[in-house]
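Pasting a structure here, questions to come.
For clarity, chains are labelled A, B, C, D, E and F in written order, and residue numbers in each chain start from 1.
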Amino acid sequence: MSTCTECGADVAVHDDAEAGEILDCGTCGTELEVVDTAPPTLERAPDLAEDWGE
Amino acid sequence: MAVTGDATDEESATTTASVVGASGFAGGELLRLLAGHPEFAVAQATSREYANKTVGSVHPNLRGLDLRFSEPSDLDSVDVLFAAAPHGVAMEHVDAWRDAAGTVVDLSADFRLETEAQYDDWYDGHSAPEHLEDAVYALPEISRDDLPGADLIAGGGCNATATILGLLPLAEAGLLEGAHVVVDVKVGSSEGGAGGGAASSHAERSGVVRPYAPTGHRHEAEIEQELGLSVSFTAHAVDMVRGASATCHVFPDGPVSKTDLWGTYRETYGDEPFVETVAGGSGVYRYPEPKAVAGTNKAEVGFEVDPENGRVVTFSAIDNVVKGSAGQAVHAANVALGFAETAGLEQYGMHPVGSP
Amino acid sequence: MAVTGDATDEESATTTASVVGASGFAGGELLRLLAGHPEFAVAQATSREYANKTVGSVHPNLRGLDLRFSEPSDLDSVDVLFAAAPHGVAMEHVDAWRDAAGTVVDLSADFRLETEAQYDDWYDGHSAPEHLEDAVYALPEISRDDLPGADLIAGGGCNATATILGLLPLAEAGLLEGAHVVVDVKVGSSEGGAGGGAASSHAERSGVVRPYAPTGHRHEAEIEQELGLSVSFTAHAVDMVRGASATCHVFPDGPVSKTDLWGTYRETYGDEPFVETVAGGSGVYRYPEPKAVAGTNKAEVGFEVDPENGRVVTFSAIDNVVKGSAGQAVHAANVALGFAETAGLEQYGMHPVGSP
Amino acid sequence: MAVTGDATDEESATTTASVVGASGFAGGELLRLLAGHPEFAVAQATSREYANKTVGSVHPNLRGLDLRFSEPSDLDSVDVLFAAAPHGVAMEHVDAWRDAAGTVVDLSADFRLETEAQYDDWYDGHSAPEHLEDAVYALPEISRDDLPGADLIAGGGCNATATILGLLPLAEAGLLEGAHVVVDVKVGSSEGGAGGGAASSHAERSGVVRPYAPTGHRHEAEIEQELGLSVSFTAHAVDMVRGASATCHVFPDGPVSKTDLWGTYRETYGDEPFVETVAGGSGVYRYPEPKAVAGTNKAEVGFEVDPENGRVVTFSAIDNVVKGSAGQAVHAANVALGFAETAGLEQYGMHPVGSP
Amino acid sequence: MAVTGDATDEESATTTASVVGASGFAGGELLRLLAGHPEFAVAQATSREYANKTVGSVHPNLRGLDLRFSEPSDLDSVDVLFAAAPHGVAMEHVDAWRDAAGTVVDLSADFRLETEAQYDDWYDGHSAPEHLEDAVYALPEISRDDLPGADLIAGGGCNATATILGLLPLAEAGLLEGAHVVVDVKVGSSEGGAGGGAASSHAERSGVVRPYAPTGHRHEAEIEQELGLSVSFTAHAVDMVRGASATCHVFPDGPVSKTDLWGTYRETYGDEPFVETVAGGSGVYRYPEPKAVAGTNKAEVGFEVDPENGRVVTFSAIDNVVKGSAGQAVHAANVALGFAETAGLEQYGMHPVGSP
Amino acid sequence: MSTCTECGADVAVHDDAEAGEILDCGTCGTELEVVDTAPPTLERAPDLAEDWGE
């Protein structure tokens, strides 16, 4: 279990997670990068500046 | 022969329910929800215009139901009476209805406000004000504690429901005190009910962004009553049939961060079965979207903070004929009668879906 | 926290199911139906593009589900595997899938036709023809007797399903022998799947009546196989997301009356839980209407007779991603596994509803 | 103050025109086209319901026009009278109208058929049959030679126009002799006119594929008259406001190639200013598309050949209130009065455009 | 052969114009407007993707035009160059373009802001800031006096245009000083241009009320520059292709009456050929409505006063690809070159019309 | 001038056309390949099997 930096929710990081892997927070959907695995630590992933919307 | 209208449910169901105004849009949704509800068995569905016709002749989704409309004047005694007639009808019949039914759930505006004075201000007065103090506002996110045992329940207005749900966490956190709030609402054509004149014909109503209530919408009264806050309200009709989306522009006194807001919304809605917070994230649906909740009793709420000036923008999306009326009514009845809160309201929405 | 994704169901459910292609339109509907199904518990949902993301990030209606996509290469053993990948993928993986699952239900075209020769004629051949003879065509209205115990089930094409359901009673009554049949189909944009290029952008695709398959649609092969009749088929894309509507113009050998047709349709569909005959009557919805069945596993079928020349016109309407794919697949699985036929498929449609 | 309603044009224009039924959909389009026409000056626009109101109060696109509705009973003498009232009104007033105007162009069905017997068969008879032989069918692609000097012109039906334009080249090439033709039409809601009841409300009419004329559509009479061929006709209402799209399934006696058809269509339409052949090619719009011609007097026609059985499928798309009524009327008047054929009709359509 | 692409006009036209980005949405509208413009003859239309193809293969409404796309690298000298490429392209090519053409009208954001610092703040900087001081903001309602003779013209943003036009009269009357303004915008899918990914597919984009720019929209920069006022801006995507509608909620210092506002708007727009004030009145269209101006260079503006709190609500509606881009550009060019202001821009909108 | 193989219409092939270049016929829109330049000769270009429609 780790904590989302955006919304503070718990985020389950699976056992074989590797540093650099991207997860989305199940609560707020923010993309989080696994920056460390022992213990699992998350940071907001760099925005992909997707073309979303108009 | 269709599958729906499941005999098993109805046999096991022990609570009888009738629907007044069952040929209307909200009434039709009541029938749909009650027909699939494990606790209720539908007794009567009224319509003056379609009396004796099958409900499926008006509501094609209910073709499988073996039920015909009856006259509202022929109402039998029943456990719960749901009423979805236009404003004014419930005031007229409330005595008779309360005699006939242990619980009356009225979806109109007739019992939403607490005092006769409010009806004088916002409507054309009230003809049965003695019932006002008995009435409980249906929205369980606000009234959960008052609903158990209530025997007169007043369903909230659809735009009021959307607005209240978007702002409630801010109100509870004290962030609306002294705040200045603009509410800009977008709604679908089913809000107007099944009647409809030239302005709601397909050719005229399609594709509009029509400011149908530039100022002075009556739902302001409910919002003020429930949130203790007067808002600047404007509503636009847009090209969808179902859905109400409220964007609230709030200028709180001090600075608020997005993380604060996540906490605030979790505080209010963490245990709510029908409210989902959607505020950013990824994918195509990053904020509340009416079409994502169409057909369901869910509300989506969300927010963003304007880095320029600290403005908090909240978004909320509901299906006006479910969470904004029929679903809210069933939800309130579930709480009032002590059923499981989500009984009969577990439908998922659809994806993809066009413009429901 | 949302109500949906009901723990109780899943605990009591004993049959595990996984979905390949779960980020697609048909795959998303499979998830929705399985999540509400009393017998199934969803084990895995695959997507290569969205692996590890929540299913709610793609399908906003499933935000309440606590489930993340996994890689299709990481499939575990499971009771039933539903596959909703593009044409060609199932042929490639069918050996592995049949090893991993007792029952494979494939929604693509890969196992719909009976012989390799048909795939040579209508597609670009077949790479795993040895499985063709095991496959049962999913549509229970046709295959009910062959489905129990089937371990490879091939979901029908959506346009084929609409067409077959409209014509089946005529075929069974022998009225199509020597008949000349024109099939004119109108479909929504979800038929194209979640991909989509310039032609399916909102700006270009809105409002069209686009003859996208003027002749030579591959579903002709299925129709011919199942009805024993070659049809003249044309499909148009119209402005809706869900829905397929097939109008069949039939010129039978001898005269047929509308009363005859009512008998014929009752003969075929009298006991079918998911087929409703709508042919005239009163109200706004007198013939099959896709929007009336949106979100449901129901098909509406109907007909009219042309007094001028004896032409029989049949109409049929389905939701292409439910009765035309995911719902049909679940229905077939219910029959194959001996569950109640309607389990998990009892959703009502909505009224009113715009353009779902 | 708006730019439109250009004084210059009207000063130089010498031919006066009035419009009966100017508050309706076809009447409004007549006003739009006449206001921008170099030869016509609009004299009067009638409406009983909106008499004395500005035309802009009904037609928001004409807010710039300085014109008010007048009573149809107050019609002054005028060069050309365009009438766009419901069926039956023109028969009643045709004597008075022909007295008041040198040329009467009626958009209703009242003078489209040649004989009283046809009105007995297809309508409820005719009350002024003595005018039938004077009337010329408006569609210039058919009647160009008969129109000059005509003083009673009968605008074609919109579905008939779409169908006739799609089939005309085949008819002229003799390919329809003994052929069997199915016509499957999709139309927008403006076909129903500005009135509209429950079935045409936005909530009910949105998103439909509604078989509104399964058989027996009155336009069959016109098609038969103009093409010498009885067709099997079915019309569906789909979710658009403007547009009629006709798909004709033709089974010619012998084989026809696509190159033959290009020649055939070029033969018929090579010099037509308002007909474009679109039949395959590349890009998003490969066949006739109603939205591509919305607001214009253009028709798109196209075709494909079914390699399986030699079926020829033709497609045609028009804007029902322009090429299918008001534009066709102005076009016919241009020919009748000796103006440039394209005068006042040179509008381009729009791209992109949603669902016009 | 089609009527449009009128030879006569082009012969008499003496000013040559080319369009860069002609395969895009704004570029296609430029072609449409220039093709019907009495003063301009189109020389070249560029597209890299569609070079050598007919413009009609991309823009079906222009099938009648005898013109093929050419490479942007093959631009010839021309009197006026219109550029409608994405943000960033004009900065890169502006030197070459100004060499090749006497007047450059750029529709992108590249030259809208006055200082390099603004581009640092709101965009990712600017690579050709030396041209900024030459550029004139296109919107003639603001820049009419600066446009004559301008040789670099920067078309306004569509949302900025809608917002500015709604608020301009208040700004000129001094009513915005110290005022607090919330701008809530609803736009169609053509704002996103012809590209478009998953979020703009028909299935996902239909029926949305999607808050696509909750805060921080770049058009705020233009609005602030032109009105001297920082606004709280939120934009929603709704289900239309064309159209931008801006609702501005303004809290002026002192009380303002509706009659005052009529005066104020008349003051500003009384002589404007393309601005119509619509504020109450009767009929179906009582406030600005994007669909009423679709395809035209008109803006509708209107207002209402909230009796509760003195809030002024303004409404404005434009067609984003005409008044919001291509039409504004042509209008500005007309003023810059001394042509009649309304030349080529006299199209009427349509009624009825669905969701253009 | 050359002739479209699909519809028989005249197609103007520009002077500096090269073999292999693709043109669309202005009448029917068919994609045509310039297979020879003296004189210009056109053939139907191989279909790109674009994903068009559903």
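Following the convention adopted for this analysis, a contact is a pair of C-beta atoms (placed from the backbone, for glycine too) under 8 Å apart; a residue touches a chain by one contact, two chains touch by 3 or more.
Being a predicted model, the structure only gives us computed values, none of them experimental.
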item	value
Neighbouring chains common to subunit C and subunit F, by label	D, E
Most distant chain from subunit A, judged by the mean position of its C-alpha atoms	D
Degree value of the rotation bringing subunit C onto subunit E, based on Cα positions, nearest 5	180
Subunit A-subunit D separation of Cα centroids, rounded to whole Å	60
Centroid distance [mean C-alpha coordinates] between subunit C and subunit A, Å	37
Centre-to-centre distance between subunit E and subunit D (centres being mean Cα positions), rounded to whole Å	33
Intercentroid distance (Cα basis), subunit D paired with subunit B, Å	45
Residues of subunit B touching at least two other chains	25, 189-190, 194, 198, 202-203, 206-207, 240-241, 278, 281-285, 289, 352-356
Contacts with 2+ other chains: residues of subunit F	24, 29, 50, 52
Touch list for subunit D against partner subunit F, complex	258-259, 262-263, 266, 277-284, 286
Partner subunit D, residues of subunit C touching it in the complex	180, 182, 184, 186, 198-199, 202-204, 206-211, 214-216, 220, 230, 232, 234, 236, 238-240, 243, 245, 247, 249, 251, 284-285, 287-291, 302, 304-309, 311, 313, 315, 317, 352-356
Subunit F-touching residues of subunit E, taken from the complex the two chains share	52-54, 56-57, 66, 68
Subunit E-touching residues of subunit F, taken from the complex the two chains share	21-24, 26, 29
Touching residues (chain side subunit D, partner subunit B) in the complex	25, 189-190, 192, 194, 196, 198, 200-203, 205-207, 241, 354-355
